[in-house]
Amino acid sequence: MERGKRPLILTWLALLALLVTSAGSAWLPLGWLNSAISLGIACAKALLVALVFMRLRQAHALLRLAAVAGLVTLVLLFGLAGADYATRSAVPAPWQAPATVAPRLGALGALGDTSCRHQRARPSGGWAVTTPGGMSCTLASPASIMQSCSSCSKRSSAHSTPS
Amino acid sequence: MTSAQRDLNLAEEGATAATSYLTAGHTLRSWLTTRDHKRIALLYAVSITLFFCLGGIAAALIRLELATPQGDLVSADTYNKLFTAHGVIMVWLFLIPSIPSVLGNFLMPLMIGARDLAFPRLNLASWYLYLAGGAVILWALLAGGVDTGWTFYTPFSTMFSNSHVVLALAGVLLTGFSSILTGLNFIVTVHTMRAPGMGWFRLPLFVWANYATALILVLATPVLAMTLVLLAIERLFQVGIFDPALGGDPLLFQHLFWFYSHPAVYIMVLPAMGVASEIIPCFARRPVFGYRFMAYAILAIAVIGFLVWGHHMFVSGQSVYAGMVFSLLSFMVAVPSAIKVFNWTATLYKGRITFPAPMLYTLGFVGLFTVGGLTGLFLAALALDVHLSDTYFVVAHFHYIMVGGSVMAYLGGIHFWWPKVTGRMYSEAWGRLAALVIFAGFNLTFFPQYLLGYAGMPRRYHSYPEEFQLLHVLSSAGAVTLAVGYLLPLGYLAWSLRYGRPAPPNPWRATGLEWQTTSPPPPHNFAQPPVVVRGPYAYTDGAP
Amino acid sequence: MNTGPATHAAHTPPAPQFATRAQQEFAGSFGMWVFIASELLFFGPLLFGYLYLRLHFPQGCAAASRHTDFWLGTANTAVLLTSSLLMALAGQAAQAGLRRRAAGLLAASAALGLAFLAIKGWEYHAEFNEHLFPGVGFRPEAGGVAQQWPGMQLFFILYFAMTGVHALHLSAGILACLWLALGLRRAAPAGLPDSAVELAGLYWHFVDLVWIFLYPLLYLVGRAGG
């Protein structure tokens, strides 16, 4: 029994050592290397868990294939979607209001939610915020929405909108 | 014991009605707690038919509205809810489970010589999950509907829509889990439970097709599940990973959504191709041409199908370079599909062809799938897509594949295996009539939509300029014909359950292990596991 | 299958759809791996969203990550790694037919899992109190300039989503361990088969694997002040 347990205990100790290393190295100012090291260590830990604890090392080829298939599909998602992001630059611009009316509020409420519904910019450049109670206010920027809405006194939970 | 003697023993074993899977237990409870894959297949069949009728009613209302240029039948909001309901129901509650969960569940164990799937209780759980999902979606519809389109694009669905989005998302999530379990079951079954002698290249192509479909189900559906969870989080907490005003990106949603939803269309079409590969050799009396290429083509479609999702996003702001890559890959995915069409055609060549109803449906499938597939190439071309995107051309393209392709193949399969499943023969005259009515109605409905789309008619609009009316009226007339065509099988198939001629074990003289047992099969399919000594499609009476 | 079936298992008949016990156990392991592959894809969108976030809001991410509790996160990682060891030992014990020892180890793993959830719950509690939960109430008090708030809030959406989904999966694993620990008390075939422990172990290790990646992504960004 002891012989069988030894690889498991050793692996566990190795995992803890790797954990201490990644936790420690995060505090050293190494720039991009920090991420590289911590992810690299995570991969090493993952390999140890998969090969030793999950016994992939001795497993039938089919089980390893199942594991790899999941990884490959994930890589496809990251790769091709990443190709879009890598070849496109985001140019943030203030939103123009679509030519529709404000969303109807106070409709049938199944799961009510009482937060503010913010609307897109007016031509003057401000942000129109409409509360569920139908009150409105104008704010300067998206960031201030989060600040202002939480302390806004105009919010009312009298109406709810369907989720 | 020779194989002929063994076949005879099997036939005797299940010969009396008392020992078939249909009669082993008469109570409702025996059906609702069954672990028999054949009964679960029937449970699915009834449920998806009900949802097909619901989705069809939505379609009928849509076509009724579109018969006149003004938006006069329903308001714009209601119209949005109608096409959303039609899409959600037809995609998740009908098409995705149709062939895999009905025909696949019933036939996969029989075709590989097994007594059941690997995990029968998971199979039943998957049906209950499906029902739960359907019930929640129904609840969303009854509570007032969803108006976002089945694609739930952000930020409309997360920030602006006043309809029951989260309910619908929950329903779709449940049906998604149902399909993951079905896929898992199929994969494990095909790998571990084939009968002795049933090597991979002796499997019927229907098994290959459902296996590849199962791979897609297991790998793609979880991505949809998490994407819907993120949508719900956005909507419930008013936060913004998909909302540009809050730093998010709507294209992030579209990438994640289409990463599943493009392979989903292969979930809908690959099993249909599997059905075609069973029916055509049988009624041409020739082995399928190029069996190995057909099997590899199935796998190629599944794999390449994971790489093309960006073609749904050519005009939504994706980078041009990514667009070019996706366009190229989309052209590539047409190649294995074309190989399959060529091989079906070559199978027919010099065959002794007869035209019972399943063959009519399948030939319709091959032709209509080809048209739909070719128009997919139009859409895969970047420059053309700029003109055709979000028009009725796209609507016609996917209906040619999903209705002209998948639904026709599903009906063909239902007719082909009807004697095996029910032990009854249906009326061939009515079967052929329905197939022809459906074919005619389908083309009348959807061909004008190509012309409409090319002329600029946008999709998801309930009113349109007067000059499009003629084509819309033709399309709506076709929809009426199609509806009649779909009602016919409901009638004569139900009639055959009571009054149809009892079916012999192998009425079509088809090859395949499912035909070596009685119609309907005994509860555990085979008395002893069959031993396979030859490949599939050993038809010898056509030209070699 | 790694080694031969345990002596107990050899005597229990396979389920009716299987020809042999070995076939059933292999199908079970393979099925669990296919499920794990699907679960990996389930976490996929969260990881890709995280990648999007890191690339578009690097400072916001770093600022937000500094608001997570480094010590509790690191302790939790150690807790989960240890629970994985115990599960691996439980699997070994079950394979040798030592059902009682396996049940004890399963219960211990479940206990560590509960400890993880307790620590996580404590972290959540602290984060709620610091107004770090995304939504209209989001208001990080210390550190982080106002321009970074969109990025910080997006980080916390992913933080709560990823750790929340992980915690749900862990809870399911804990229930499975407890149920198995009870089921192993009776000898097979009346109680649960020994092979079930291996399946539960595979699932548990997967939940651990997810956390192994979540830890550096959520807790170790920008710790050096970058």
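Just so it is clear, A, B and C label the chains in written order, and each chain counts residues from 1 on its own.
We take it that a contact is a pair of C-beta atoms (placed from the backbone, for glycine too) under 8 Å apart; a residue touches a chain by one contact, two chains touch by 3 or more.
All values reported here derive from a predicted model rather than from experimental measurement.
J.: With chain centres set to the mean of the C-alpha atoms, which chain is at the far end from chain A?
T.: B
J.: Which two chains have the greatest number of C-beta pairs in contact?
T.: A-C
J.: Go ahead and note the Å separation of the Cα centroids belonging to chain A and chain C.
T.: The computed centroid separation for chain A versus chain C comes out at 17 Å.
J.: Starting from the mean Cα coordinates of chain B and chain C, work out the distance between those two points in Å.
T.: Those two chain centres are 35 Å apart.
J.: Need the CA-centroid distance for the pair chain A / chain B, whole Å please.
T.: About 33 Å, centre to centre.
J.: Which residues of chain C are in contact with two or more other chains?
T.: In chain C, the residues touching two or more other chains are 26, 30, 34, 37-38, 41, 44, 48, 52, 56, 135-136, 150, 153.
J.: What parts of chain A, by residue number, touch at least two of the other chains?
T.: Within chain A, the residues that touch at least two other chains are 62, 69-70, 73, 77, 81, 85, 90, 115-116, 142.
J.: Please output the residue numbers of chain B that touch at least 2 other chains, ranges allowed.
T.: Within chain B, residues 191, 219-220, 223, 237-238, 246-247, 249, 255-256 contact more than one other chain.
J.: Okay, in this complex, where on chain C does chain A touch?
T.: For chain C paired with chain A, touching residues are 1-2, 26, 29-30, 33-34, 36-38, 40-41, 44, 47-48, 51-52, 55-56, 70, 74, 77-78, 81-82, 84-85, 87-89, 92, 96, 135-139, 146-147, 149-150, 153, 201-202, 205-206, 208-209, 212-213, 215-216, 219-221, 223-226.
J.: Provide the residue numbers of chain C that touch chain B in the complex, in ascending order.
T.: Spelled out, the residues of chain C in touch with chain B are 16-19, 23, 26-27, 30-31, 34-35, 37-39, 41-46, 48-49, 52-53, 56-57, 134-136, 150-151, 153-154, 157-158, 161, 165.
J.: What residues on chain A touch chain B, complex-wise?
T.: For chain A paired with chain B, touching residues are 62, 69-70, 73, 76-77, 80-81, 83-85, 87-88, 90, 92, 95, 103-105, 107-108, 110-111, 113, 115-118, 120, 142, 161-163.
J.: So in the complex, the part of chain B that touches chain A is made up of which residues?
T.: Against chain A, chain B makes touches at 143-144, 159-167, 191, 215, 219-220, 223, 235-238, 244-247, 249, 251, 255-256, 259, 306-307, 309-310, 317-322, 325-326.
J.: Spell out the residues on chain A that touch chain C in their complex, using ranges where they run on.
T.: 1, 4-5, 8-9, 11-12, 15-16, 19, 22-23, 26-31, 34-35, 38-39, 41-42, 45-46, 49-50, 52-55, 58-60, 62-63, 66-67, 69-71, 73-74, 77-78, 81-82, 85, 90, 115-116, 142-143, 146-147, 149-150
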